[in-house]
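First chain A sits with chain B, and in the next complex the same chain sits with chain C.
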Partner chain A sequence: MRKIEPILAILVAAAMIVAAIAAPWLRFVLTIALAKGIAVMGILLLLRAGQVSFGHALYIAFGAYTVAFLAPRFGDAMILLPLAALGAGVLGLLIGLFVTRYRQIFFGMLNLAMAMVFYSLLEKLYAITKGSDGIRVEIMPIAGQALERVTYEWTIFGIALGLAFVLGFLLRLYLASPMGEALAGIKTRETRLEFMGVPARGVLLSAYVMSAVLGGIGGALIAMTSRHVTPLLSYWTSSGELVFIAILGGAGGVLGPFLGAAAYELVRVYAAASFADAWQMILGSVLLLVILFAPGGLWGMAARAIGGRGR
Partner chain B sequence: MSEVLLQASGLRLAFGGVKAADGIDLGVMKGEFLAIIGPNGAGKTTFINMTTGYLRPNAGEISYEGQRITGMSPRAIVKRGIARSFQLPQLFLEHTVEQNVALAVASRDGIWSPLTPLLRPGYRDEARDLLERFGLTGIADTRADALNEGARKLADIAMAVALKPRLLLMDEPTSGVAASEKMDVVETLARVLREAKVTAVFVEHDMDVVERFADRVAVWSQGRIAALGPPGEVLSDPAVQREVIGIERHA
Partner chain C sequence: MAEWFQDNGLLLGLALLDGLSSAGLIFLVAVGLNLVFGVLRIVNVAHGSLYAIGAYAAASIGIFLAGLGLPDWASIPTLVLSAALVGAILGPLIERFLLRRIYAQEEVVQLLVTFALFMILEDVQKLIWGVQPIHHDTAMKYLGTIDVPFGADFIPFTNYQLFVLPGFAVVTLAGLAWFLRRTLTGRVIVAVTTDREAATAMGIDAAKVFLLTFTFGAMLAALGGALSSPTAALVPGIGAQTIVLSFAVVATAGLGQIEGAALTSLMMGLGRSVAVYFEPELEVVVPYIIMVLVLLVRPQGLFGVIETRRV
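Let's look at the complex of A and B:
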């Protein structure tokens, strides 16, 4: 199965590129899906340790606002992306030092609390953040090149796709490494790790920082694509959305978050267009069906269809 | 043989009114196999828990290789060369047996390499070698949550051995292992430990195993050591036979 994953990833990427060429609005939707997929890889990382964060939209919002704040000063995507990743990583380290003391529901809720604090700050500090109006992000140069709109959008799409590949590849290596397997050990026998001389909390903290970095990168890409950031990015429903996508896509492989994100964004756009106010109901039903009949998510279904195991 | 590796002095630990350790003094000699026997609730596991840093004694001291380890974390104690196996096996249930043991092997180096696979040749070969010695090769790819009790127990011990300790504490290594395989298993285990020059302390309920493999026996009773000496002497003591009633003895 692990051998099929890269091939499948290339097929999915090819399908995305074809779709983006076929319809410009799909290019926008798929760029957002790729950005969210990158952030959801962070959720997947924590799920490996049996932990669910209900507050990871915090890092998306942080990455997005980093771009919005700094774009006027360092207006280049190639500078802003690493800055957003770094900033989210530092924030993840600070918050992680605290939340990785906790497990399960406490871990989930503390993350939620952090995200809601950030949401309130974005709302209340109007002078800096423009409150719920949010901040517009202008089209910015990329690697020193000033681009016109269509080229800019294509380039961001390409960067998102490239990052999805590189980060997905690295994550895949990590999950099979001693560090990644120890992370999975936290889920079933955390104390044994300590009796092997492994600091379980350190393992979880490093994964948490990585998940924050992934969130920051996802958020930066979202800001560059939607070109408008609002406090809603940090609202608890946005965090729930990430968990939703993780379960929809399946936690068995790094392709899951991207399958999940693409499906989520497409269903959302189609359902919103066709059924106006009923799209949440449709998404809810889809999630219910996945949990009941395909606990391995879309990735699990794809894996089974090809004839391997989803995990 | 006469060098003391581990020394416990005046260990006390009470849980509410229960004195799980009520003044334990015990020196473990380098290279010996020391058996701990005694009825349920005597405090045998508590002694292992205190020695490995899982529980902190209310009073008393434990020193290892001449240095005080009382109150240290399990992690710090493992790093000094003391490993343990568990009365209830503590495996990573969603990992295969091979991954479980490989993770223990890898943990000697720290597990901080994020980009090379756990099952790289170095770690995998060592894990497979251990599994072969424990007769677990056939279930190397089985997930730990699908194992029977005996196999879990052995995998649990293999993980502790993989840490290459100088002192190994085993809590009822043969419980759950089928009676017909017990002696073979212990024989193998003893060979592995002797080869690696590991000092071993093991809690055991089977007196045949104790008689055959222990250099000395310590009899635990209500948080105290009631008797200590070579198995021949200790096990034939009528007081011990009375104290340790309920222990099984094969015909």
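Let's look at the complex of A and C:
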């Protein structure tokens, strides 16, 4: 299964490009899906260690607001993306130093707390953040080129797809490395890991910082695509959504987050269009069905269909 | 300092009274969540939905019965009975048909199942009760107000918020402490909380204990909602707000600790209402600051027990 993963990834990417050409509105949905998929790779990293963060929307919101704040000053996507990633990484290091001392529910809830604090700051500091109205992000030049709307959207889509490939590849290398294997050891039995001389907290902290960076990149791409940021990006239901996508896609491979994110966004758009009052109900039911009847997620389903194993 | 009190004394008094009544509500919801977590080891995100449904059901049953000519004094027992009804119907339904299927699953999957349930119930509320605010405050009006002496001044405050809400919390705390420590059923619950495997090996029917505890927890959530319904208009989203606060209480208090939940609710209720009157921007942040400070000093929670690390 691992061997055909790159081929599958290329097929999925090709399908996304075809879909984006066929229907312009799908381009928007799929760009958001790619951005969320990048962020969900961070959740996957922590899930590997058996830890659930119920607050990673914090890093998405941080990345998105970084773009919104700095766009008027350094109005170029090629500068803003690294800045958002770097900022989220630093924030992730600061918070990570604290939260990686905790496990299980405490880890989850402390992350939730951090995200909620950020949410209320965004909402209450109206003078700086414009509160729940949010901030509009204008179309910005990319690598010095001023673009008109359609070209701009295509370029962001291309950047998101390229980043998804590169970051997915790096994540795969990392998970197969000794560091990545140690991460899985935290889930199995952390004490034994320490007996072997592996600093478990350091391993988890590095994974946490990486997940924050991934969240920041995802958030920056979301801000550039939707061109409007609101505090809701950091609300706890948005964090839940990320874990939702991780499980929907399946925690087996790096393709899972992207399959999950695409499926999630498509179901959400269709449900919101056809049943405006009940889209959450439909998403919730989909999630329940997946958990009860397809425990490996979409990736696991795909793996079984091809005849290999999910992992 | 003395001058400050002269200027802000009344405000502080009002904040303390307000905090007391909101602490009572927080406690009712959080202690149910804590109890369920202690026994089932599931963080029930849908606990917030049960709170919201309890509130909505109590308001509509109250309005319905008032239309039939129910005397005003009966509106308080009606609140309690509606909550019991909601808990007794939804509790067993959720435990039997949903949670029972996932006890053997990973923690993250369990969390997500309740998250999915939360999403579904959120729309169910909108479909049944609509999105317009619902208000029914007969119970609060019936009891009237009292002038609380504070220094040289008097603070007018509703009897309902001053006596009924904290009263219910105190009775629940005392009743729970007695039930868990002095009755056989209660001690069985404590046994399962402490060591599920050993308890089952002793012949305790864990399935029955789970069902009982979950139903009881659901009733407490619904009771919190029902008792809150006369004090404020009901709008969509109250479930989401309540549950994050309860998470903070549970993590701060220590898992499965009822006295801890009471003390934490009091701290957070008072802290929050003092913030409302003096630094409104901080209102939502205060509970999380308390949580972070407590966990910095006591990583297992205020009253939590350190678990032995398995090798």
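To be clear about the criterion, the second predicted complex is superposed on the first by the 311 of 311 C-alpha atoms of A that agree within 3 Å, B and C clash if a C-alpha of one lies under 4 Å from a C-alpha of the other, contacts with A are read in each partner's own complex, and residues count from 1 in each chain.
Basically, a residue touches a chain if its C-beta (ideal position, glycine included) is under 8 Å from a C-beta of that chain, and two chains touch if they have at least 3 such contacts.
These figures come from a predicted structure and were not determined experimentally.
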{"item": "Chain B versus chain C, judged by how many residues of chain A each one touches", "value": "C"}
{"item": "Contacts of A:203 with chain B and chain C, given as first, second, both or neither", "value": "first"}
{"item": "Touching partner for A:192 - first (chain B), second (chain C), both, neither", "value": "both"}
{"item": "First, second, both or neither for A:52, with chain B first and chain C second", "value": "second"}
{"item": "First (chain B), second (chain C), both or neither touched by A:28", "value": "neither"}
{"item": "Contacts of A:157 with chain B and chain C, given as first, second, both or neither", "value": "neither"}
{"item": "First (chain B), second (chain C), both or neither touched by A:258", "value": "neither"}
{"item": "Contacts of A:178 with chain B and chain C, given as first, second, both or neither", "value": "first"}
{"item": "Which superposed partner A:170 touches (first chain B, second chain C, both, neither)", "value": "first"}
{"item": "Shared chain A surface residues [contacts with chain B and with chain C]", "value": "189, 191-192, 195"}
{"item": "Residues on chain B engaged by chain A in the complex (per definition of touch)", "value": "52, 54, 73-75, 78-79, 83-84, 90-95, 99, 103-104, 106-119, 123, 159, 163"}
{"item": "Chain A - residues contacting chain B, complex", "value": "170, 173-174, 176-182, 184-185, 187-189, 191-199, 203"}
{"item": "Residue ranges of chain A in contact with chain C within the complex", "value": "47, 50, 52, 54, 98, 101-102, 104-106, 108-110, 112-114, 116-117, 119-121, 123-125, 189-192, 195, 236-237, 240, 243-244, 247, 277-281, 283-285, 287-288, 291-292, 295"}
{"item": "Of chain C, residues touching chain A in the complex", "value": "37, 43, 45, 98, 101-102, 105, 107-109, 111-113, 115-120, 122-124, 126-127, 240, 244, 247-248, 250-251, 255, 280-281, 283-285, 288-289, 291-292, 295-296, 299, 301, 309-311"}
